[in-house]
Every structure is written in C-alpha cells, then in structure tokens.
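All remarks here apply to the structure that follows.
Going in written order, the chains are labelled A, B, C and D, and every chain counts its residues from 1.
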C-alpha cells in the first residue's frame, strides 16, 4: 500500500443535541495532498462534522486524531493552532469590521509592542484576495459586500491560516461560474502543497471533478468510503439516499382549476425585478435557482414582509394590496419560511400555540382564549400531518427538524389558505419526514390548493413541480416544463451558462 | 397521509402540577417566609392598619409594573415611567391652578400618561429605535419639562375630593390604592394570560421575526404596550400626587429601576418571552414586606435595597449554580 | 412607660444632623425614660421620608420631630400620624401648618436672612457682586432665608445680588455651580451658601480656582467642617446656631407636648430645658436662638465641639 | 478619505459641538476662552473616563449600570483609608482604587460570564448592593474636606503643563483606549463579540470571557474615577454620583455607540461626553435656567439616536446587478 497516513481522522464520533442525534459513530480520514468529498443528504451531519473538526462543537463520544495522536479542540482557536481551517457553510463573519480584519481576526500581523500592524494587515489581505482572484477592496466594511464576495472573504480567511487541513463546506453554493473555476484551481494548488482537503458539496459533477476520495453519511451514520475513481455517479447516489431515487416522489395526476394568483410587473429596488407569473388551483409551481438568486426575497414580498416598489398581485382576479403578513393571511396567501427556527415557529412556545397563532381569532371568542378549541384545532391539523411529539403542550424547540416543519405547515393549513408558499420545505429534515412532506404537498394540490415550492434541490424540483420557474440574480430567466425538465437545463439557466 | 396516526395527548402534566413547580410558587414561599420572619421580628407587624399602611410602599409602583411586565415580555422596556409620573403630576398641578376639578384632573393625568406613552411608542415602533436608549432620553426629557414648568416651585391646593385616590379607604383598612391594585392585577392577569393579545405578546417576545411571519402586527402591539405603560404611569401619578397632596418636579425619582426590579424579581425574563402577572404581584408583596419589615426595625432604606439587589441576583443565580454543581 | 421620640432628618450621614442627634440623646438622658429613634432616608427625598414616617406610625412612637425635605408632600403622612395620636413637630426645615403641631426654627428667619448678607457685606467695604448658592430648590428653610435676605438688601447699599443657584446639597453639584458663578461673574466678591454642604463645596471651588482673597465664601457652616476654610482664608467668617442645641430643643419640645406638659397653640410658651423656652407665633412657629458668628478668632475653640 | 471623514458620525458630532460652542460664544464670549474650555474639559473628565469603560461594555452587547455605585464605593473606601491613615501615599491610594474598582467590575463580569445572568439584571443588582455597602461601611457618615489629607486632595488638581492632573488622566485614558480598541487583539475581539457573537465563536473568541474583560475594564476605570471624584470634590458620602450611570450611558449613545453592540469608537465616546459636558457647563453661564438642563440633554439624546439610526440604516444586501452598481 502506498497510502500515506492520514493527517486527521475521526474515530467513532457521536454527537447528540437535545432531541436529535446528529452523528452516530462516524469515522473519517483525511490524507495529505488529497481531496476527500463528504457526501450526504441535507441533515446527514456533514456540517456537524465540520464544526467538530474546528472546535465549535465538542463530540459527545469518540476520538479526534491528528497525526495519529488523540487531540481535543476546546475552541476554534485550538483547531486553528492544530493547522485546521474551514470555510463554513454559513458565512460567519463580522459585518462591521473591514474585509482585511475579517480575514485576519485572531491572527493579525503584529508590529512593535505587539500592536496590530494595520498597513501590513491591509497588504497581506490584498495579496490573499488577489490570489483567489477576488476584486475586493480590503479596507471596505464587510457589510457593503454582496453574498458572493462575502463568501470569497470567508475563503480568504480560511487560507490566511497556514493550515495542513482545509475544510470547505459547500464553498461553491453562492459563487458564480468564473469564481468557481478559480476555486478549483486553488484546490489543485493546495493539493500540490500537500494539504489535506475535506470538500463538501451537493454537486456531483464537482465532486467527480476534483475529489480523490469520498465518504458517505446518511442520517448521521457512516455509510461508506472509497476512491472516487472506483464509483459511478449512480452508486454514490444510492449510497447517499439508501434506495432508488426514482421512487421517492409521489405519483400524481394534477387537475388544475381556475387561476388563483397572478403577479405582474413586480419590482423591488435591490432584490428582484420584472416578476410576472400565475398559478392555478391544484398546481405545484417550482422555483429553482442557486442560493442567493432572490427567490426567498420574492416570496417574502408576496407575503407582505418586504415592500416591492411596484407591481400588482391579483387573487381570484381581484387586485389585492398586501402590506403586511397579516394582510397576506387575510388574502389567503401563506408562507412556510426557509428559516424554521427564526421565522417559521416560535420555538419556545408549545405546539398547540404555534399551530393556532395565525388563526387565533377562530379559536377564541371576543378576544378571549378558549384552550379547548385551540387543542381541537391543533389536533386536527397535526394529526393530518402525522406529527410525532410527546404532547401538544411540548415546546416546539424539543422537536426534531422534520416535526418542527410539520408544525409550521400545520399552522398555515389551519388558516385554510388559497395559496401556500413553501420555501425549501425539506431542507435539513430527515428522509422519512421528507417523503411525508412531499406526499402531503401532493395531497394539498389534489385538494385544490395552489402550491409554490422554492427549492434548491434539483431532484425535488423535478420530482414535485408541474411547472418550474428558474430565477437568477433577481429575475425569472426561464420557465421549464415538459421535455425540457432535465437537471442540465435547470443548472444552465440558473447559472447563466448559455449552452449545455 | 397514513391512517395509523400516533396519538399525541394534549398535555402530559396537569396545569396545576406545572404551576406547583413554577417560579411563582418559589416566590410565594419566599413571601410567606418573610411574612413569618417579620411577625417574629417586630411586635408591630401583625396589625391590620399597619399592614394596610405598608401596602402604600408598593401599590403605585406595582401598577406600573403590570404594564412594564407586558412590555418586557414583548422584548422592550420603558425607563421613563417615573418621569411620566412627574410630567403628569405637573400637568395636573398646573390644571389645579386654573381651577380644574377632580374629574378634569384625572382626565389630564391619564391623558398626559397616554401622550407620553405614545411618544415613546412612536420613537420605538415607527423610527425603529432601541427602547432602552429612547426611554433613557425621554426620562430626562419628560422630567426636564416638569422642571421647566415648575422650577423651584411646587403645586399644591389640590381639591379635597382629589385626596381620595391616594388617601381614601374603600372599606375598613382597604385603601383605594390597594383595591385599585387588586383590580388591575386581575385585569392584567386576564389580558396577559387569557386573551389573544396576551398570546401575541408572548409570541413577539420569544421571536419577533417569527411573530411577524405569523401575521401578528408586531409594531401595533408594541405601540399599544407603550401606551398602556404610559397610562399606568398616569394612574400612578394620580395616586401618588393625591397621596402627597402636592407636586414637585422631583416626584418619584428613581422609581423606574424599582419597577424594573419588581418585574424581574417576579420572574419576567428581561430578555423577553416569559413571565407572569401572578409572579409580579407576589414580587410586589415581597418587596413591600421586606421594605416594611426592615422599616419597622428602623433599618435605613439603602440597606433594604441591598436585600432587594441581592435577592434579584440570587433568585436567578442560585438555580443555575445548583445545576452547575449537580453536573459536577 | 417609656416615651419614644423619633428624630427624622433630611438624610442620614450629614454632619449637622449627626450633631443634632447628639443633642437629642442629651435631652433624652436629661428627661429620663425616653428613647430616641434617629432615622431618615439616605437621600434627600420626600418619598423616602414618607416611608420612614409610615414605619414610625406603625411602631406607634409617641412623637415625631422632622426636618422636612418637602413642606407639602409630608403633610398627608404626618396628618395620619397625628390622627393616630402621635405628637408631630417640625424643626430646622418646616412642614406646612396642617402637617405639624408646631415648628421650631433654629433662629428667626429674618435674623438669618440679615446675618448671611451682613457676613458678606462686612468684608466688602466697597460693595460689589454677591451670589447665593442654596441647597435644593424645594428646601423650605433655605427659601425663607433667601427671601428674608433679599428683603434686607436695600439696607446694604453697594451690595448687588447677581444670582441664586442650587447645589441640591450635593457636593459635586454645588462645586460645579460655584465654578459656574465664578465663570459667569468675574467680578464676584462673595458666595453666600446658607447650607453646610454648599459652603464647603464653594470653599473648595474657590480654593481650586486660586481665588482666595478675591472671592469670600460665607453663609452657614459647621465649625468642625469649616476650620480648614477659615485657616486658608477662603472664608473670612460664617455663622451657625448650635445644631446640638437644636436637636436637644426639638426633642425637649416633642417630649413636653407628648407628655401633655404643654400645648402647641399661638402664644404658648414651651420649655426647651437648659436653653430656655420658646414662644409660638400665630402659625405655631417659634425660634430657638440667634445665629453665632465664627471667624479666625474663635474657630479653634469650637471646631472640636460640633 | 476626506469624504468618508466628513460623513462619519464622529465628524458630525464634532461639528455639532463646534456649532454649540459658537452659539454659546455669541451670548457669552468668555466661555470659549481657552482657559474656560480647559475648565470644561476638566469638569467632563470623570464622565469621559466612565464613558470609555461603558463603551467597552456596550460594544460587547452588555451594559454596566453599576459604574456610579462602583465609583462611589471606591471613593468612600479610599477616603476612609485616607482618614484612618493620612500617611498612605497617593500612588498607593490610586492603586487601591483601581484594584477595588477592578474587583467590582470583575464580579459583574463573572456573573455575566459564568452564570449567564442578563447584564442588565446583574448590574441593576450590584448597583444597589455596592451603594448599600457604602452605607454599611460609613454608617452613612460623610467624609469631608477637612478630614482628608492635603496630598489626597491635591492629586487631581496639581497643574502639569498647564492642565490639572485630572484632565491628563482623561487624555491618557483616551489615548490608551484608542490604542486598546484599534491595535490590540482584545480590542478587536470586543468589537467582534458585540458585532456577531455567533461568528466570534467560529473565530475562536470566547464571548463570555471577552465580556468579563469588558466589565473588568469598566470597573477599573470606575475605581480610578472614584478616587479622582472624591479627591476633587473633597467629599465622600453614600450618594455621590447618584444616577450618573444613565448620564454615562447617554454620553455613549450620543457618541454613536450602538446599544446592540459592535459599533462605536473611542472618539465617539469622548465626543459624546464632551457634548454633555459643554451643555452642562454652558447652561448656567448663558443664563438659561438650570431647570432647562435636563430637558435639553434628554432632547439631545433622542435627536442623537434618531440621527445615528438614520445614518446606519443597513442598506441590506443587493441581488440585482443593476442595483449593485448604483449602490
């Protein structure tokens, strides 16, 4: 065997959160000069591994080995000191600090008396940004940057630490084609320098292009590992999902009714422009796009969270003004947001209160609460979604991600809406719940509800939608239906590549 | 979906059982302990009239504390309450000089309270400014106006009938203030715990973004809460002015922090989202009993405040220390 | 049985009142079978005094002798005390007639008003600007003295009262106010502070500004506290009545009234023990004695007494 | 660079102070005489010192309501030491004051860090406790000028290069804090913790410990100011600097330090304190009744925060390419 010894290895790592076992007995090895791809569905535990490797979480059980020696990373600093650096999935940076400082916070160059040497800091930051091909002024405040540039700053920060192990958690999700190419070149360069790279991505073409090894997780468990050269796309997907992908989505024969929602000439000063589309009863309309394409912003505007500069919304043919979510709910539009913890549920309140919150006027009398009515309504809708919980009086924060999502959906169904918008409805929820949500979406459409589904997962978009709109940089760039419905078309439109 | 649905009970714990384990029960225990300690410490304590007098130590502050509790649960705070008292009292005093009668004075007191609350509410909800600094500003502004109007003067000459609010008795030892306190406690308890409005307050305090996304008109609710806090300050101004029989611009100095202390001691989370009116009621009694009990022993007020300050920290720290200690 | 007399002061810890408390104990010892409860709020607020008074009512003390932070705000509480059979008098800083049976002025208001102007004028042969630094704007006694002082101003030609400012009996505020006076009125010849806190702070401010000899600080102060100022020359002379005597007299009167030996009514003469007796005017107010003037010649003798 | 300077919050506040001075000068020219301005600065020095400490605390998303009580307790303790042992040299007194203040600040910090008690509750509690302890120590008695030793009183007023030592302490503190906040790891960590505590964890910064240090720094300054205050005004009693904590917070807020943390500068805190100092000193001089003072400073606070909020309205992110270029 010519296999070198791993620089970094995880052995039998388990990580539990209150109510969730995010990782259970997983292993992982990273080798010098090699790229290891970590693949798994949303919520498989990939980012949790990254956080354990970078000292942000402490494993509940198991060992971390650096050069074969057991180590602990009590803080992020400890991991950095051990030569491990990461580009995290979410950008964890400081809006109020300059770009240069974001890159070097914690290890800024020091001058006399150990004081921070600002000119040197700027110089080094500029050099780093140049190296990754980012045209960003290091003296700007981070808050003045767009999401893609922020991500480039995060990459620069990871590279500013002279590390032996570089972890990249979905680094290309927010980047444009050109920037992605530069990132690939960078990965090659790091490899050549003998660094070990952990690369997390949902894009298979990417994985097959740059990875040497792979490790697969499913539902927090280790499924397998090997050489990329030894597997095909299909086998990898099967390992990841645990069954054949084609059977996941419900079969449906859609029956469309009248048009319920028409949006035209919808503009926002900074987020989106020229939005026009319509939606029929019983239809599932998919919105695809890369992260940051502005889909969530558009949906939130329809729901009255943000105000567009102009445009018209018609519901059942009637022009409707929506200035607040309360207006939207009254008009029959509801929104299941992407960020469940912050926007979807009031997690510190019990399930039944969450479910009845927007329809409280129905369960109460003259403004006074009627608990019995509330429990009745909550029971009716949570049972339909097959919610698993200790009781309806349990706080939502104690539920698993999938069950939390069910509570949020139940709360909106209880308002008896006409249009339901689901933003990344299955993001980060386990496979069982995912299928349940899909099945339920189909059921709702069959009952005549109009459904808008925003999703970044190509199989989901293809499997569920009757029609797909693709957004890029705040505009609808294509409508895809019929035979065009291939992953390639979606990606091409979303990324703005003129031909496949 | 599938029909083999799992049964999910409404509740695991009866509401009574939950209540027994609550903060309020703990606090009630403290109150009873203080009561017993006081009766042993001073022969003058167990006397209906004395106990009735003792309630004046906290009734006015507690009235504000009810509204403040709602405001803090919703994630905001109002530090200008004591200054609203000064402003409202000054306005009433000025009206007395113009010959306004008792009903007019009450209307003016309430009106000024509402207007001040609306001003705070406007700055916080419309201009989106953080309430803690807004109300530090209006705290100076409102009392400053009272100083401009009154300077080194005092207003007196309140009508005889006006004295009832702060000095009158409804029946035997039950003062008007005590009865008003009880009535307001019940009203606020119902509003917070039994109405849609109360539910919205909890939702907002726990997660303002989530509340907006749930179709709650968050700014409107918060504005209403500032109005209510202003109104309660107006009521407190009426009672206090009536009790003192005169108005000086320095009236009720420092009350804002006592009110906040009462609310926090009552188990309301300063970060918003949790707390109850019964808790605040008990906290009011606890603070009143401590002050009165130590007062009977002629302990200076500042020493009493050590007890209150220490209690404030201890009631939050001890449970945390206990869990930390048990984990090791 | 034992008689309990409560001496309620504006705030605990002020030298003047500590001295008065000494006098009260002296009276209690002399009268026998009398307990003194020396109490008060820790800051000079009316609300604080009301809480203290409520606690005293609850203890059923026999008499309350109070130096008020606010003449009006205490009235309801003190009325309640009288309703419950407690003897209530005010001393030093008075309560409105409704709220007490009698008031003991340390000295007559007119006399004090005249004295404080005279103290300044004596050292200003050519006349000039003077300013008053008072305590809180709500202090009754201060306001009365200032009124009286203004009334006698015409008798002192050339003396020009340019401002009245309030230091709230807080050292730092008084200090800043004194500084402000010197900045605003560069020709200021004297600062008159009829308060023991204010006169000390003003003396400090004048010393710090290097204006000893230029600005004379005078008013009412305690010899023990003022010794340094007289020594440095910042203060030529100042006046005060004896606070020990005042506490003694207040206690004695309260005892006399509570035990029924005397009745508070216009024209009545009430004994003050070793000090003599006080005669009440038609508002049931009486004066204890004349203020006494201290300067370099006698300060040494008194500074260790009070 | 010039343009950014002209639109910065600090520059505008500085402009506001100049305008204020000009207005005062029209009614009372002597106010802007250098010697008087030096006096105003000297008077404002304690506020500047406390505002610097409060700034550090607020930057980390906390608040310190106990500064004034800390100041008063430290002041009383050193005054009592001076009375009991007049021979103790001033450097020792200063050291004791700083240590004592540090200790009280650290106590706040520990409660916030280790027990995660909300900062406002902790300091509301310790505020009353520290004040109460003064009463217990002093039995409510004042320590007056004549009881203090001349050396004890002389320190803050000793002239050095034309300015009293009190002013110099403030100047040195401003410079030291400028260096601390811009050039040291701790200073930057303080900004990071307040700006985005979540991201701070990812950067290896211990949020609680940074907050602890912020409180400790604030406490040390409060202790130092405690001695300076007591010796300058030559008196110590329970209530000195009562309510001053809110003035300190107000100075910070006026100086553009965001109450939600992460935003604000040393220069801002300095200017915020000077703004209040100029108003407080000018009102009596220009013959505006002192009774207007409170309302004016209240109005100033409200205007300042409304203004700051307007200036820092987040532009939000920009998805549209066209809008990005326009921005």
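Keep in mind that, in the parts below, contacts are C-beta pairs under 8 Å (C-beta built on N, C-alpha and C of every residue); 3 or more make two chains touch, one makes a residue touch a chain.
Owing to the predicted nature of the structure, the values given are computational and were not obtained by experimental measurement.
**Student:** Measuring centre to centre, with centres taken as mean CA positions, what chain is farthest from subunit B?
**Tutor:** A
**Student:** Between subunit A and subunit C, what distance separates the C-alpha centroids? Give it in angstrom.
**Tutor:** Computed value for the inter-centroid distance: 74 Å.
**Student:** Starting from the mean Cα coordinates of subunit A and subunit B, work out the distance between those two points in Å.
**Tutor:** That pair's centroid distance is 44 Å.
**Student:** For subunit B and subunit C, what's the span in angstrom between their mean Cα positions?
**Tutor:** The answer is 37 Å.
**Student:** Please report how many Å separate the Cα centroid of subunit B from that of subunit D, as a whole number.
**Tutor:** Averaging C-alpha atoms per chain gives centres 30 Å apart.
**Student:** Got the subunit C residues that touch at least 2 other chains?
**Tutor:** 12, 42, 166
**Student:** Multi-chain contacts only, two chains or more: what residues does subunit D have there?
**Tutor:** Only 135, 140, 238 qualify.
**Student:** For subunit A, jot down the residues that touch at least 2 other chains.
**Tutor:** none
**Student:** If we use the touch criterion from the header, which chain pairs count as touching?
**Tutor:** Every touching chain pair, ordered by label, is A-B, A-D, B-C, B-D, C-D.
**Student:** What residues on subunit C touch subunit D, complex-wise?
**Tutor:** The touching residues are 11-15, 18, 42-43, 165-166, 170-172, 175-177, 179-181, 183-184, 186, 200-201, 203-204, 208, 224-228.
**Student:** Mind pulling up the subunit D residues that touch subunit C in the complex?
**Tutor:** So the residues of subunit D in touch with subunit C come to 28, 30-31, 36, 39, 43, 135, 138-142, 144-146, 157, 229, 233-235, 237-242, 280-281, 284-285, 287, 290.
**Student:** Help me check something: in the complex, which residues belonging to subunit A touch subunit D?
**Tutor:** 54-56, 75-80, 88, 92-97, 101, 105-106, 108, 114-116, 118, 143-144, 146-147, 268-273, 292-294, 297, 473-475
**Student:** Quick check on the complex: what are the subunit C residues that touch subunit B?
**Tutor:** Result: residues 12, 37, 39-42, 45-48, 50-52, 54-55, 57-60, 70-73, 75-76, 80, 136-138, 143, 166 of subunit C touch subunit B.
**Student:** Across the complex, what residues on subunit B touch subunit D?
**Tutor:** Touching subunit D from subunit B are residues 79, 123, 127-130, 132-134, 136-145, 147-148, 150-152, 249, 254, 257, 260-261, 264, 269-271, 300, 302-303, 305-306, 308-310, 312-313, 316-317, 320-321.
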